Amino acid sequence: MKSFLLLILLVAITTTGYSQSTQPYLSLAEAKRIADAAEAKAIENEWTVVIAILDAGGHLILLRKIDGTQIGSVEVAMEKAKSAVYFKRSTKVFEDAVNEGGLRLLSLPNAIPVEGGVPIFRDGHCIGAIGISGVRSDQDGIIAEAGLSVLELK
Amino acid sequence: MKSFLLLILLVAITTTGYSQSTQPYLSLAEAKRIADAAEAKAIENEWTVVIAILDAGGHLILLRKIDGTQIGSVEVAMEKAKSAVYFKRSTKVFEDAVNEGGLRLLSLPNAIPVEGGVPIFRDGHCIGAIGISGVRSDQDGIIAEAGLSVLELK
Amino acid sequence: MKSFLLLILLVAITTTGYSQSTQPYLSLAEAKRIADAAEAKAIENEWTVVIAILDAGGHLILLRKIDGTQIGSVEVAMEKAKSAVYFKRSTKVFEDAVNEGGLRLLSLPNAIPVEGGVPIFRDGHCIGAIGISGVRSDQDGIIAEAGLSVLELK
Amino acid sequence: MKSFLLLILLVAITTTGYSQSTQPYLSLAEAKRIADAAEAKAIENEWTVVIAILDAGGHLILLRKIDGTQIGSVEVAMEKAKSAVYFKRSTKVFEDAVNEGGLRLLSLPNAIPVEGGVPIFRDGHCIGAIGISGVRSDQDGIIAEAGLSVLELK
């Protein structure tokens, strides 16, 4: 019995050690569920937007452009999501800071001070981000949140 | 009688004028169907790839990255599709030309001489392209064709 | 006792489930050990090089430029490592392919066909890469391997 | 005697000529000592940052990214250091100027108006710079100063 408990202890240590040197990631299946919810919200409001979802390294996992969306939004959506994952915070934080006079942020590489980019966290790790562009930035933000709401239901 | 002829003339002008100034386009709904077919083919073969679908202006409509695909394929898939829509021809045409000694093509802006980028035509118009990257370039080409096959079923 | 075994089973399942949605990563401590070994090898041969180590997303974790190294090697070392992590293979694979006539690879975004970039794998995941530049590309490759040899000693 | 005078003349010319055409530089060994001190300060405060050290030409000598630091800080740290070496002044000078209404600085190439980039001088020459990014910009500045403090101890 003693050796049995020891074994459990060893497994526990190994497991902990492993999980310390690993980190969760965002799958394509999850990205699709997020995008479906975001797209449904956009269509419900008759808003034309681009939905971009990136991984923890800032690389695209999924992108969708609703018919009729301005083409400039393709890059803006990707840049908003990149900003969110690069700085582990919503782009609204940068937008608010700039609005309150923090103009120096306008020169920060990869920091987009426009609402609509939101990081995705799991177990304390930033595993990616969603970026929305196409309508007013607060509306973009509503779509982003609608997308991420599916993760909370799990 | 006079007014009747005038009406016909007006209809003729309007119709001709209208049909001369429109062109078909690729919708997000169609892009999803293409991507679904491409993704199914990739999964069937256990191939990890990025699927990129662009519009007639070379802008992203849809992108999906299957879990585990090398991140370099995100840009390569987009560039292959861009090459196909920018030059209205399959990237395989460029690959074959380079293999046969057409090295000057290596310097051509936006021309990627690697199979996997295929333009999409409708009524004689190039309405977009699909780009696949992740496995061998001939396998990328098979997935691209599998994706586009759904358009022929319509 | 039965419930005890059940608990263990549950823990095991949970653990496995967790590890499936997580992936290992390269720490700064490991990057330093790799760089120390690479730097020692370079100094032993009186070779001046830049050592660049990236994470799984292609972002710098560590860089060192030995005094006197040509400044062009800073970017080349980073690009070699980026190529290795973006395509999950050694840049020597691309170099060999180009040497054997695969000239189309010269146009592939982020693919550097010069030896000296080597990906780092753990548990089947590409967790980063090392890139060396400064001397002959086969010598760069020797330094890269010397750096990665410390991981095998663990 | 003649040859003796000639020797003195030669030595004088060589010496003068030599000292006129040299400038001090920052070695990798020094960069490591600076980075060690900066990293120790960051760890002491449990701050996650990127440490970037550049030479007089604005090229990387050393970079370290503490585990868990937002990836956006890799480029920001490099850009802060670049700004400091390109303009031979602390980025805090630019930050203060922008805060006092000097908005024109936001368009100045390579000038980052955010504290954390500090130039390194020796014998009146700017021999490089350190850039820190990851926490609040005044905290980044504290780490930068902690790093450079080791040079004053010499």
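Chains here go by letter, A, B, C and D, matching the order in which they are written, and residues are numbered from 1 within each.
Following the convention adopted for this analysis, contacts are C-beta pairs under 8 Å (C-beta built on N, C-alpha and C of every residue); 3 or more make two chains touch, one makes a residue touch a chain.
The shown structure was predicted, so the numbers you read here are calculated from the model rather than taken from an experiment.
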{"item": "Distance from subunit D to subunit A - Cα centre to Cα centre, in angstrom", "value": "34"}
{"item": "CA centroid of subunit C to CA centroid of subunit D, Å", "value": "28"}
{"item": "Multi-chain contact sites of subunit D, meaning residues that touch two or more partners", "value": "71"}
{"item": "Topology of the chain contact graph, where touching chains are joined (line, ring, star, complete, other)", "value": "other"}
{"item": "Listing of all chain pairs that touch each other, if any do", "value": "A-B, A-C, A-D, B-C, C-D"}
{"item": "Footprint of subunit C on subunit A - complex, ascending", "value": "8, 11-12, 15, 18-19, 21-25, 27, 55-59"}
{"item": "Residues of subunit A defined as touching subunit D within the complex", "value": "57-58, 83, 85-88, 101, 103-111, 126"}
{"item": "Interfacial residue positions of subunit C with respect to subunit D in the complex", "value": "27-29, 32, 50, 55, 57, 59-67, 71, 74"}
{"item": "Complex interface listing, subunit B residues touching subunit C", "value": "70-72, 75-76, 79, 94-95, 98-99, 103, 106, 111-114"}
